[in-house]
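Listed below are the structures to be examined.
Next come two complexes, and both contain chain A; in the first it sits with chain B, in the second with chain C.
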Partner chain A sequence: MAETGVAETGLLATYRALLGSRVRAQLSYRTSFVADLLANVGTGLSEFATVYVVFSNTDELGGLDVWQACLVFALANITFAVADLLVGHLDLLPEHVRTGTLDAFLLRPLPVLGQLATSEISLKRIGRVGIAVVVFTIAWPQTGIPLDGRAIALLLVAIVGGTAIFSAFFVLAGALQFWLLEGREMVNSITYGSSNAAQYPATLYPAPLRWLFGYVFPAVFVAYLPVLALTGEPGPPGLPSWLGWFSPVAAAVAWALTLLVWRSGVRHYTGTGS
Partner chain B sequence: MSAYPALVVAGFRRWSTYRAAMLAGALTNSVFGAIKAAVLMGTVSSAGAAVAGYDPLQAATFAWMTQALLAPVSIWADDTIARRVRTGDIAVDLARPIDPQLAAWATDLGRAAYMFLPRGLPPLLLGALVTGLALPSDPTAYLLGLVCVVAGVSVSFATRWLVNLTSFWLTEIRGVMLLYSVSATVLTGLAFPVSWFPEGLRTFAHATPFPSMLQTPVEVLTGISSGGAALELFAVQLGWLVVLLAAGRVMLHLGARRLVVQGG
Partner chain C sequence: MSALEVTDLVREYVVRSPGASRFRRRRSVVRAVDGLSLRVAPGESVGFIGANGAGKSTTVKLLTGILVPTSGTVRTCGLDPVTHRRDLARRIGVVFGQRSQLWWDLPLSESFRLLAAIHRLPPGVWRPRLDELDDRLGLGEFLATPVRQLSLGQRMRGEVAAALLHSPELLLLDEPTIGLDVLSSERLRQFVRAERAERGTTLLLTTHDMGDVQRLCDRVLVVDHGRAAYDGDLPGLVRRVGARRVLVVDLREPIAPREVPGAELLAVEEDGFRLRYAFSEATTAAAVLTGVSEFADVRDLSVEEPDIADVLRTLYATSVGSAGRSEA
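The block that comes next holds the complex of A and B.
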C-alpha cells in the first residue's frame, strides 16, 4: 500500500511531505520558535554591528561607501541565511556517521543527500534574512542605482547564485565529515569563513586570500562582485566586475565538485557495526 | 585544599586528548584572523593614519591576537553545568566535599591553559608571516599581559557560570545562551576594538564585563595599553571578577534551595 503510494505521487511529493512535517513540528512549539527567531535576528544585528563600527570611523572601505557596503552585507546575509535555512543542518552529519544512524538513510530508496537535505528545515533563519532585507531596503534608494530591468536581473542572479554557492559549501562541509569526524571546527572555515569573507570588499584582501575566496571557495561572487557590477566600478586585480553576473556559474562548479566529494564520502562510510 | 590544583591539571589533560579538533579549531581561527586583519587594516587606511590610537600594524596585531585568545577565553557560552542541572547530576556536585564554583573555575583554568598554545600560536605565527605583529618591547608588558589573560579567562568563567545557573529557574537556557553569545561577539572586542565603537555603544560595552574578557588582555599584550593605564584595566578586571564570583555564589545558594531532583 505505502509503496504504491510512493510510486504514484512521485519523489517530489515524498520530499514535500517530509519538509511539511518538519515545518509543522517547528511551528507547534510557538514560544520556542519565537525565541529562536529572535536569536537569529540578534545574530543578524551583531553581524551588522561590524558595518556600523567600520563606517562610524571612516567614510569608505575598500572603495565602497556606506550604502554600497550595506548592499554587500545584505546580499551576503540573505544568501547565507537562506542556504543555512535549507541545508545548514547538514553539519549534524558527523553525529549520524559516528553513531552509525546513517545506515537507515542508506537503506531507503531515496538519494541520501536528498533525504538529509529534507530531513530538517530551519525556519528560524528567517530572522537573519529579515535583518538583511531591512538593511537592503533602506540602503538601496541611497545608492542611487536605478531599479531597472538590468538591476533586477542582476539581483536575482546574485541571490539565486549566492544561495546555491553557500548551499554547496554546507554540503561540502558535511561531506568532508565522512573523513574528518571531529573536524567540525575546520569545516567552519569553509561555511562561516566564506560567509564572513563575502561581507567585505575583496579589495581589502591580500592576493592569496582574494584567490582563495574568489576562485577556490567563490565567496566573492556572492555579494561583492554583483554590487560592483551594479555600480559599474572596476574590480580588484584578477576579479573584474563583470564576473558579478557569473555567480550561478561559480555555483555550478562548486556543486559539481561538492557532489563528487559527497559521493566518495558516502562510499567511504562503513557504518559502526551492529 | 590540594583538590583545586588537581582539578586544574585534570581540566588540562581532558582537553589535551582532542588533538585533531584542536588543529581544526586553530585553522579556522587563523582563516578568520586573516579576514579580520585585512578588514581592520583597511578601515585604518581608509580613515587616515590611525583609528582610536591603532595604526595599521597594531590593528592587524589586534585581529590576530583576539583570534589567538578566542578559544582559551571561551568567548561563547557552553551549557555543561546547565545540562547537569537539567539532568539532576548537579546534586552530586553539591554533595561533594569541595566547593562547586571553585572546582568548576579550576577545571576551566586547566582547559584554558591547555588551549593557550595550540589554539593561540597558529594565528599568531600566520600573523607574523602575513602582516607582522606589533609587540611591546618591555618584558613586563608580557608578564602583566599573561596575568590579564588569566583574569580574562576567570571573568569569562564567572559570567558563563551565571548564565548556566539560570537553568535552576529556566530549565531550558538556549535563549539565554544565544543572547549571551551574540552580546559577547560584539562587546568583548572580538569583531572590532571596543575603542572603535561609536560613543553610545562604547559606553554600554564598558558597563558590562565583556571587555574585561578579551579586549583588556589583548590591549595589554599588544602594548596598546601600558604602564598605569594597563594596571587600571587589570583593576577593572579584578573588580568584575569579585562581583561576578560573589553573584555566582549567591545564585548557587538560591538555586540549590529550590532544586528538586527526581529519582530514588
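The block that comes next holds the complex of A and C.
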C-alpha cells in the first residue's frame, strides 16, 4: 500500500519519539554519561596517537604526508563514530533475542530494523567525533588544499557516503548474528576491522587486502579515496582516486546487500525461533 | 469472519545436540505443534491450557507472526500473521507473562507515550484511553516509577494496559498471572472481565491457573503434544475426566464421621472439626450437604474445584493425545 505524505510524517514522528526517549534515558545518568564520553575521547586520542607516530617518523607513507594522513584519520573517524552512534548497538542483537525484546518488536506495527536502530543511540560517541573534527580543523590548513566548492562537495559526499558505508557494516554485523548468536567478536572484525583499514592509506596493504577493503568491504571509499581526490593524487593500481566521488554508490551497494542479509536473518529467526 | 482460524497447523523445531564427535552434532526434529485446528469466533474467550511443552506458547507465537508455521494455515483477524505482521499488530494486543514489552529504564508513563507514537494514536484518542485503563487498573500510583523498579504485580498491570492501549479486537495473554499473588491476579482478572464486557474483545489465554480459566473463559482448549485433546466448556472437561469436586464442611462439634450417599469421605481434619467429601457430577453439593447435615451441625462450608493439574493428568492419561481432536 502506498504510504501517503501524512503517514510518512507520522513514521518520522514515531522514530523521533523513540530516539528522544533514549536520549533522555542517557542524559538522566549524567555521571556515567560523562565518564563514557571521556572514555570515548580517550579511545579517539589513542587511535590518533598511533597514526600520528607512524606518519611523523617518515616524510611520506603510502603516498600521503602526515597532514594528509590526518585528514584520512579524521574522515574515517567522523564517519565511523557517527555510524556507531546511530546503529553501533545492532551488535547487541543476541541480547534482544535472549531477553525477548525482539519478540516485542515483532508485535509492533513497525519494521524490526527501524525499531532496533532507534532502540538506542550512543551519544557518548560524540567524544570520538569531536576528536576527529579537531584533527581535521588543525590538519586542513596544513595540507594547502583550497577550501573551494569542489572540496566542500567532495567532503560532504565523503562524510555522507562514509557514514552510510559504516552503518551498513554495523547492520550487517547485527544481521549475521541471527545465525551466529555467539558471534559478536567475529562480526566486530567487519566493523572495527574496516574502521581500522579506513584510517590508513590503502597502498600500505598487500593487493588482496586492498581489494577486500576496496570492493568487498568498501572501507577505502570512506576516507582514503576522497583524500586522494582532494589532493589530486592518482591512487594505487585498481583504485583510481576519482572513485573518491563514489562512496555513496559503494554505500548503496553495501546497504542493498546488507538489507538482503537482514531480511533473511529475520526470516531465519521467525523460522527457527531460537 | 473468525477471530482465529487455524487449520492443520504444524510447527517443528530442529534441535541440535552434541553427537558422537566434537564437530558432528545430532539433528533431531521436535514437533511442538502437531496438526492443530481451531476456530475462535469474535467475542469468544478461550482458555488454552496444557502442560509445559504442550505447544501453547509456540501456538501463540504462530498466531502473532513471531514464528512461521512449518505447515498448515493461520488466520488471525482474517490476516496471515507472517505476511501481514504489521497490519495485524495494530489489531491485536499480546502479553507474554515472562517477558516485558515495556521500556525498563523509563517511567511507566513513557512506555504508554511511546506505544501511542508507535501505533500513531493521536493524543485525543490515547490519553482518554490511558485514563480509563489507569482508572480500572490503578496505575496512577506508579506511572512515574521506572519500570525496572515496579513489583511484578504492578508491572503486569502495566503490561496489560500497554497491550490494550490501542484498543485491539483480540487480546492474547500468555500466562498473565504467573508469579502473581492472589490479590493481584484477582484484580487483573476482574479488569479483563470488565474490559471484555464493555468492548467485546476476543480473548485467548494460556495459563496453568484454574482460577484464570474459571473466571475468564467460556471455552477451554486443552493441548497435549501439540494437538487439541479437548475443546469445550470447563464443566464438560471436568465431566469428561470424571474429576470430583470436594465439599469441605466445618462442624460446631467434632462427631464420628459417617459416609454420605454419592460421596466419598476423603479426610477428617482439625481434630474432627473438618470433614472432606469428594463427589462427582452424579450428585450435587447441596445433596451432599443435606446428607452431612443429617448427622452433624455444619458451621461453615466450601466447595473445592478439581485441580487443573489433576484434571489434565487424567485427561492425558486417557486420551493419549489423539482423542477429542477438535473439528474446525
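Odds and ends about this structure:
In this section, the second predicted complex is superposed on the first by the 255 of 274 C-alpha atoms of A that agree within 3 Å, B and C clash if a C-alpha of one lies under 4 Å from a C-alpha of the other, contacts with A are read in each partner's own complex, and residues count from 1 in each chain.
By definition in this document, contacts are C-beta pairs under 8 Å (C-beta built on N, C-alpha and C of every residue); 3 or more make two chains touch, one makes a residue touch a chain.
Computed from a predicted structure; not experimentally measured.
Contact with chain C, but none with chain B, is seen for A:Arg108 once the two complexes are overlaid on the shared chain.
Looking at the shared chain after the overlay, A:Gly193 reaches chain B, while chain C stays out of its contact range. The partner that reaches more residues of chain A, of the two candidates chain B and chain C, is B.
Look at A:Ala39: by the touch rule set out above, it reaches chain B but stays clear of chain C. Look at A:Leu61: by the touch rule set out above, it reaches chain B but stays clear of chain C. In the superposed model, A:Thr14 lies in contact with chain C only, and not with chain B. After overlaying the two complexes on the shared chain, residue contacts for A:Arg267 are found with chain C alone; chain B is out of touch. Of the two partner chains, neither chain B nor chain C is touched by A:Pro146. Of the two partner chains, chain B is the only one that A:Tyr205 touches; chain C does not reach it. Residue overlap on chain A between its contacts with chain B in one complex and with chain C in the other: absent.
In the complex of the two chains, the chain A residues touching chain C come out as 10, 13-14, 17-18, 21, 24-25, 99-100, 103-104, 106-111, 267, 270-273. Across the complex, chain A is touched by residues 13-14, 58, 61, 64-68, 82, 85-87, 89-90, 92, 94, 96, 98-101, 103, 105-106, 110, 113-114, 117-120 of chain C. On the chain B side of its complex with chain A, the touching residues are 18, 20-21, 23-25, 27-28, 31-32, 34-35, 38-39, 41-43, 46-47, 51-52, 130, 172, 174-175, 178-179, 182-183, 185-186, 191-192, 196-198, 201.
Remark: chain A residues 32, 35-36, 38-39, 42-43, 45-46, 49-50, 52-54, 56-62, 180, 182-189, 192-193, 196-197, 200-201, 203-206, 209 touch chain B in the complex.
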